Amino acid sequence: MTRPAPDGPVDGPAPDGSVDAPVPGAPAPDGPASAAAAAPVLELRGAAHRYPHGPAVVEGIDLAVRPGRALALLGRNGSGKTTLLRLLTGSLRPTSGRLLCAGEEVRHDRRGLDRLRRTVQLVLQDPDDQLFSASVGQDVSFGPLNLGLPEDEVRARVDEALAALEITGLRDRPTHLLSFGQRKRAAIAGAVAMRPRALVLDEPTAGLDPQGTERLLGLLERLRGDGTTVVMATHDVDLALRWADDAALLTPAGLRTGDAGLLLGDPALLEDAGLRPTWAHAAADVLRAHGLLADGDPPPRTPQQLAHWARPTPAVGH
Amino acid sequence: MTRPAPDGPVDGPAPDGSVDAPVPGAPAPDGPASAAAAAPVLELRGAAHRYPHGPAVVEGIDLAVRPGRALALLGRNGSGKTTLLRLLTGSLRPTSGRLLCAGEEVRHDRRGLDRLRRTVQLVLQDPDDQLFSASVGQDVSFGPLNLGLPEDEVRARVDEALAALEITGLRDRPTHLLSFGQRKRAAIAGAVAMRPRALVLDEPTAGLDPQGTERLLGLLERLRGDGTTVVMATHDVDLALRWADDAALLTPAGLRTGDAGLLLGDPALLEDAGLRPTWAHAAADVLRAHGLLADGDPPPRTPQQLAHWARPTPAVGH
Amino acid sequence: MHIAEGYLPPLHAVAWSAAAAPFVVHGARALTREVRENPGSTLMLGASGAFVFVLSALKIPSVTGSCSHPTGTGLGAVLFRPPVMAVLGTVTLLFQALLLAHGGLTTLGANVFSMAVVGPWAGYAAYRAVRALRGSLMPAVFAAAFTADLTTYCVTSAQLALAFPDPATGFAGALAKFGGIFAVTQVPLAVSEGLLTVLVVRLLGQSGRGELARLDTTGREDTTDAEGTVAR
Amino acid sequence: MLPIDAAAHTSRWRRRHPVDKAVLALGLTAAAVALPPWPGAVLVGAVTLVLLLCAARVPAGRLWRAFRVPLGFCVTGSLTLLVQVNGFSDPAGFVGPAPDGPLHAAELLARTAAASLAVLLFAFTTPLSDVLPRLTALGVPPAVVDVTALVYRMSFLLLDSVSTVREAQAARLGYTDRRAARRSLAGLGATAFVRAFDHAARLQDGLAGRGYTGSLRVLVDDVRICPRFVAASLALVACVTGTALLLGRILP
């Protein structure tokens, strides 16, 4: 993995000077977020990780996952997204620094991890890494059974998770006969059945077709509506902008966190993180340059939204 | 996989009526294409395939891969893209219909396939499905050795392929210590070392970060410059629009082929194929609606190009 | 448990290599024949070998609470037949010696003899015996894994006892010494491995993927199974 | 992923022909086993250690982490020589300290340690991927070589997925108690099996397009055996042997 040297400090104010402007893409302050507790669900403080015999993959990471907010993690291949998600969910132990869960430090022993895993669940990129039982229903029941719940409760949780992911009809199907998108949803159902406060997904839309992606986003939105905090790693900048409240970008100079609309509108930062500019921001710039979009208004989030401006009476806003 | 019923015939003229307009996105007629022979490199005629014990996955497929043109194949998950590519490269035998290579019918016996494989090479989505050897150099030498070439020639081909993919430095590296992007390029090098006239890639950019995608597109562009015809399956509509000359869309009503700019600008067709509208077309529509882009001009292909229109003096064209 | 590098005196090392060689050569012949008749089987055999290697690298909890590695030779012998297991087991042991510094090159012959020859044959025999007595699949699988595991350790104990006879009571005393040490640790492990193998086979059966066709054809010689591969 | 393998691929001696390194390392291994442990094995061990650290420049920390595994076996193995079995009738008890036990144990320890180090010299400098395609020259049937090379490649993929699956199971509390652990492990074993064969089937498809008809022949690097290195290695082994035998006469 060759990394370009960072071309200058990236910690200054956002170059478009819009720091004080109303934040595009952020939910209104009275959104579902404000109801939840104020302490971050998960927090890494000064965390670093190195794999045995390798250099440090991530270093000096400060990352807070705030309840009710959707967080997107972006970065180039090999920048350490998966590593960071594994740190956040306790699968890896930071070589230095700390992990806090709901404000309390997580001890990486059996009991500490047990507690953490009741709070946060990781969904891996490849669903086949998570599906190892013969049928979908069995697989989803694996986690709740390990929680030591009575059978009725396990059954209820499985039903609920399958319903949430809209795969109730697949309960008795063997996992290997499912399509990719179905397996993906079955894997998420396995995590959801643990009723985690936070759900962490590694590139959940990779390999899904655009409509499958839409559907998955809809499901995640529903889970958020039920109070689950969702974190995802992705390479798709436009998707992140559209979906996330907060963004975290892995750059060679370290992790940059902040409002998704602001960070993903900063071309230099995107370049540093191995990403490309978003269509949404480019379109918003064009619209603003021609007086079609007010300065404080959010950019169009999808091509469909952008197309509104091509209509005879441009619908400012949307 | 549930498929929406096709909503009406999709074979009529493109709904935007722009059939006669200069084709956006197509190369000038004196591009590299015109030098090559006129017969399609590969052609499927009335091809169908069903896996054992299943319904037909694809049916009545007519698809011509024209020399020197870049063809993108799109469709939802499970629509049969991979199946179609495998038919095209002879690794599946159509249950009915024919495959033609440079105008001649391919016989699916040892000799016929041997000849076909000197003409066309398939690169699978998962590089681990193609890399069997522990070292990159060894792996790339496998194909040329199977062609019965003398050792010197094999060595030369390996050098050339590694250079073309910019991985000469990885020759002695074990495949299991490479990053995903590096493995992807090693797998493509293994195909390129066969010096195929046509290179067929299944979702080559899946899992790559945006800059890795750029780099891969650059490499493919170079291969095209050297006279290789390239076909790829992808889910990324904007990528397809930007890269391809021709497009083929798998819809429930059958395969639709034609100019990429036209097909990918047709919202109903995209909907049918499980895709979403392109940002590029949405942006072009907005620009045209406001007189910023002439009717015949191609849409901006990247966010960077779109951003030109935000500059004080909008650069019409680009 | 493998015999570590350099543990055996030269004469013993050579003798055990000579004892294991015919089995491995026989296995290599069987494998070559298989590949010639059915070119696709190279990849299936590679997968089998990788499976055996990875299985032997798994950590499983033993009944006593300690952790140890299964030998995997019983399941391997039932799935892939003892001659092929002789080759795959040798490859596994070679890899363990060179990649993990487990076992060794001078002791390869002795380890092959116990783990890749005697263990698989004994496990396979136990499997066939239970099946012949009209036992159902799961007890047979348990018997295979348990027997293969245990005989491997018995042979290892004998090998060590031969190399290091007890100063006072000779071979018998040494056998009691080594056997006693292993019995404490290995009998529970063999039980664990047997149980686990049963669970694995049951899961494979439930998933209905046809992999178990291998097991069902083992009763009839020389029939190729659904995937037409390794079993012979 | 496997530390010894990763180190071998970046070894300073990577570009040497495997035969060069085999002659040196396996010659030393043979010497370690065949020579009288004192002073033979000790001398071989010392020479090998110098070669590992100074000539092949294997980082000491890595070497130690790899070496302590066989060393653990060596130590526990030698401990058994400290006791002898007297039998039930013996008044000294069923078991008792063996005469010369410590001496024999020390000798065995020296021999196994030296031999293990010598094999590590080979393992740390020679990736298996350089060795396997050349095994046909030793008379190993090509079919066996092909299978072995595939086992090597597929093992890494399988190890990777097995550790990922295990992690995913742990995240769903799959290893909290013994029952859960057993269920998880069974799932792991079944998954490994299914994955191995799935991968083989997909690889077969992938290779067919590249002209696969049953043989996995590849072109190996054209590095040559270096006669000087081989001669020097043989001389070193001979020298170590001679010195050991000579010292054996002089020393008590």
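Think of it as A, B, C and D in the order they're written, each chain with its own count starting at 1.
Keep this in mind: a residue touches a chain if its C-beta (ideal position, glycine included) is under 8 Å from a C-beta of that chain, and two chains touch if they have at least 3 such contacts.
What you are looking at is a predicted structure, and each value in this text was computed from that prediction instead of being measured.
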Go through B-D and A-D and name the pair with more C-beta contacts between its chains.
B-D
Chain centre separation (subunit A, subunit D; CA means) in Å
43
Quick check: how many Å separate the C-alpha centres of subunit A and subunit B?
30
Rounded Å distance between subunit B and subunit C, as computed from the means of their C-alpha atoms:
47
Out of subunit A, which residues touch more than one other chain, so two or more?
133, 176
Going by the contact rule already set, what residues in subunit D reach two or more other chains?
5-6, 128, 149-150, 152-153, 157, 183, 187-188, 190, 194, 199, 203, 207, 213, 216
Could you list which residues of subunit C touch at least two other chains?
203, 207, 209
Chain touch graph shape: choose line, ring, star, complete or other and state it.
other
According to the definition of touch, which chains form touching pairs?
A-B, A-C, A-D, B-D, C-D
How about subunit A: which of its residues touch subunit D in the complex?
52-53, 86, 89-91, 110, 113-114, 117-118, 121-122, 124, 126, 128-130, 132-133, 142-143, 145-147, 176, 190-191, 194
Could you list, by residue number, the parts of subunit A that touch subunit C in their complex?
133-135, 174-176
Subunit C touches which residues of subunit D in the complex?
2, 4-5, 26, 29-30, 32-34, 41, 66-67, 69-70, 73-74, 77, 80-81, 83-87, 90, 95, 98-100, 108, 111-116, 119-120, 122-123, 128, 140-141, 143-144, 146-155, 157-159, 162, 178, 181-183, 185-190, 192-194, 196-197, 199-201, 203-204, 207, 213-214, 216
Show which residues of subunit A lie in contact with subunit B when the two form their complex.
1, 75-78, 179-182, 203, 206-212, 214, 235, 237-238, 274-279, 281-283, 285-290, 292, 302-304, 306-307, 309-312, 314
Residues of subunit C defined as touching subunit A within the complex
203, 206-209
